[in-house]
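Per-chain residue numbering starts at 1, and chain names A, B, C, D, E and F are given in the order in which the chains are listed.
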Amino acid sequence: MIERGLFIGRFQPFHKGHLKVVANLLNKVEELIILVGSSQYSHTINNPFTTGERITMIRLALNEASIEPNRYIIVAAPDVEMHSIWVSHIISYSPNFQIIFSNEPLTRYLFTEAGFEVKFISFYKRAMLSATEIRKRMLSGGDWEELVPKSIVQFIKHIDGVKRIINLSKKDNPY
Amino acid sequence: MIERGLFIGRFQPFHKGHLKVVANLLNKVEELIILVGSSQYSHTINNPFTTGERITMIRLALNEASIEPNRYIIVAAPDVEMHSIWVSHIISYSPNFQIIFSNEPLTRYLFTEAGFEVKFISFYKRAMLSATEIRKRMLSGGDWEELVPKSIVQFIKHIDGVKRIINLSKKDNPY
Amino acid sequence: MIERGLFIGRFQPFHKGHLKVVANLLNKVEELIILVGSSQYSHTINNPFTTGERITMIRLALNEASIEPNRYIIVAAPDVEMHSIWVSHIISYSPNFQIIFSNEPLTRYLFTEAGFEVKFISFYKRAMLSATEIRKRMLSGGDWEELVPKSIVQFIKHIDGVKRIINLSKKDNPY
Amino acid sequence: MIERGLFIGRFQPFHKGHLKVVANLLNKVEELIILVGSSQYSHTINNPFTTGERITMIRLALNEASIEPNRYIIVAAPDVEMHSIWVSHIISYSPNFQIIFSNEPLTRYLFTEAGFEVKFISFYKRAMLSATEIRKRMLSGGDWEELVPKSIVQFIKHIDGVKRIINLSKKDNPY
Amino acid sequence: MIERGLFIGRFQPFHKGHLKVVANLLNKVEELIILVGSSQYSHTINNPFTTGERITMIRLALNEASIEPNRYIIVAAPDVEMHSIWVSHIISYSPNFQIIFSNEPLTRYLFTEAGFEVKFISFYKRAMLSATEIRKRMLSGGDWEELVPKSIVQFIKHIDGVKRIINLSKKDNPY
Amino acid sequence: MIERGLFIGRFQPFHKGHLKVVANLLNKVEELIILVGSSQYSHTINNPFTTGERITMIRLALNEASIEPNRYIIVAAPDVEMHSIWVSHIISYSPNFQIIFSNEPLTRYLFTEAGFEVKFISFYKRAMLSATEIRKRMLSGGDWEELVPKSIVQFIKHIDGVKRIINLSKKDNPY
């Protein structure tokens, strides 16, 4: 079995689709690194949650799903402007890994070039189970709760996350 | 009476609507801090003026309106990527204040969370008295001058500001 | 004859239109500085090539056209947020020059203000000979090769550049 | 019992002293956040290890000490220039916490000001059990191994960490 | 009389020497721009105060000295790495000026090169009246209060500034 | 013969020792990339010259030495904080290369790790022929001119470089 694999996402927020992926990937690697990308953003309409909040949510969901904490490592990394350094940038912020799981074409392209094994992820109910859809439902008053693990529903309520997203979506004085 | 209040804007440029707001707020606080936001930008289509020019214009307009200079403080601050640090960032660049005047949802949300009193601003003739409208009129040859104080009209002419905005709006070689 | 002139571009990629411009300008100046702008980007849909690759391509094309290497200097510079420092920023990254060749309104405006002579460039077959058109053809399988010098065609094939652009254009999981 | 506490360090490298502290603090809080500071540095004489390597070492040591992985959370954050935003910066990168354990005067000062409870840490054999001492021994060929947990000794050997530090200490051409 | 002059300092903190300079320079220019440099730092041993605090102190001292507020403008600017852009950087952050008052060799050199008039400042009791001396006395329990205007003494006490500097001077765990 | 080699320096300024190295290395590679490091600095005591000036000096010296301009490529790159990305950072800013010439331990270490061939440089009269020695002589009025090629002597005089370094060495008001 491969020692460690890497799974990159923004997790705004982490949802049931991500959880399925993690559970799946843990059948393929001994340890999974879950990398929270775009860590330098928060409180924007597409990046509403801080890195700290995203780490908290991932941990809550994996605990809720009874996934053993010694099977995964959560890390975070900011974006870079020059994508040609992306691979060595990720390597700097993450424990060592041997395989990447990603459907994102640039990530696939760059890590393949760098000699890593890169595998596709099969997402479950992709159209519905997406962070974009969840943020859309939060804004429109739709049922976002069915798309995220219960512990994350609770956490988002606790930090009043839906109100935050609604506030972020409002425009007033174009400051 | 409250000691100090904070009023944040980009002021691209400062106009008669801003002036009314300042005059109004000075009935509510002893000193008003006028914070020039997005200070790191200039010479873009939405941010044509430098921080120095914006400070100059605000001073000119307040002098013209005979507002006592010991009633206001003009400061400036760049944007931040991680909005969760916005409140402490502003606090670092500004003299101490007890109240925020803002209609901008994110600013309202973050300062409220941080325990500040946040009040709405009633803008006068909002649709017309906006910096966006002024820049639009500058580009189309419309009457922008009626929307800004005379001393600012003069200053913008002195620095050839309309020509600058027209130049910024042109596209050629997509460099 | 003027000692040195400056020609700024992103060169994503350098094409036959650029080459004609360089050849032309070399009739007007003893040495031409070719400045690779936006040097901090690579592997994005509008900035697919690294600074190193862009420098390589320019050199290849000028060699292919038998332009003497002591007639030009290739340098690079990142973008700046505050455009009011653009002129002194460029001066810092480039050997000394006396004239700018540019159709880009902001560059023309800022260098004129700073007291430089600024001249227009006559581009040949502008609509077709553009980097945007080339990247579009690369994506759609069109004939991009006719628009760039042969040595650059070869180089782009060598680094598998078309595949890179196609990969960059794909969207998957909106990470 | 307090829900979560924060322990900040650079962990260059994590050693037996840090391990004792973690074990101790876990008697006082349900979960301990271990924050890897100065995360933007690596391969300097005082910051030889990357963030990814530091996270790996902490995990190895805590596993070796049989500390349950659901008792701690490892996160990382870069330094800031304006220390007045330090508290909100840390909050952004970390799960929520109620208490800080630190002997570092600035951290103590800023978090106390911000209303957090801040407690001193009792370090064991402070003079000897320090990362500075370890790096010194690595350079001079001393017995650094006795100061770090076995699994970290192994890891540092695996990545050839001593050789790296020796290389970093050499000066040649003052590039 | 010259319209506007520029006086740059870090003002950590503003003291009686600075005040004398300002009073003096106001005999030479109609308006004086007081530029708070190194605005990106705070809470370090050499830069203990935030930009907001420094602006507050300058205003207090000038009010205390009954200097008319329409005679001066306080602005702030961060440092730059590439000093060759220093002049245009300062111009971006400041209202327009015609003369610089500075004893700092680099500033004198760069502004002279850029065609500005640059004049020396005669400091009063230079050895004693310096911010470095003041911070030293704060640390050693000396009489710093005699060196700064009364209103600033009060302000520094109000924000507990001496305690802050003492805290910043302590070293513990070398985080 | 190896296609391309890389030679990194700060070249503050480029001197006869560097020139000897370039001439030597051109016996080993078809093309030599001369990379101007620390490109983001200028006008400091250790980095007095801008990137543009350094590029100009290198070109002058190589022309003076009748080295064919199609044998070398001059590029520039800023420093990075996280040294673990140094290799991919350099690769991004430079045309492709197969060998590195460097005595600098970190560069040697990182490029070796990345699988590059790294060779030592034999410097001629190392103690005397160094940029540090040259800057020292410039400050003390010593004979720096014997250490740099004639065309660079002329250039430094033309830009009044010695006066600049002397100015940078002066300290006044600790701004």
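Note that in this section contacts are C-beta pairs under 8 Å (C-beta built on N, C-alpha and C of every residue); 3 or more make two chains touch, one makes a residue touch a chain.
From a predicted model like this one, the values you see are computed outputs, not experimental measurements.
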Next item on the list: Weigh B-E against A-B on C-beta contact pairs and write down the one with more.
Entry: B-E
Checklist line | Length of the line joining the C-alpha centres of chain B and chain C, rounded to whole Å | finding: 37
Next item on the list: Pull out every residue in chain D that's touching 2 or more other chains.
Entry: 42, 50, 82, 84, 91-92
Note to self: Testing understanding: with touching defined as stated, what is the shape of the graph linking the protein chains, line, ring, star, complete or other?
What the structure shows: other
Check: So which chains end up touching which?
Finding: A-B, A-C, A-D, A-F, B-C, B-D, B-E, C-E, C-F, D-E, D-F, E-F
Next item on the list: Give every residue of chain E touching chain D within the complex, in rising order.
Entry: 40-44, 50, 163-164, 167-168, 170-175
Item checked: Complex interface listing, chain C residues touching chain F -> 39, 42, 50-53, 55-56, 59, 63, 68-70, 73-76, 91-96
Margin query: Going by the contact rule set out above, which residues of chain A touch chain F in the complex?
Written below: 82, 84-85, 87-89, 91-92
Notebook entry, point to check: What residues of chain A sit close enough to touch chain C in their complex?
Noted result: 8-10, 37-38, 81-84, 86, 102-110, 121, 123, 130-132
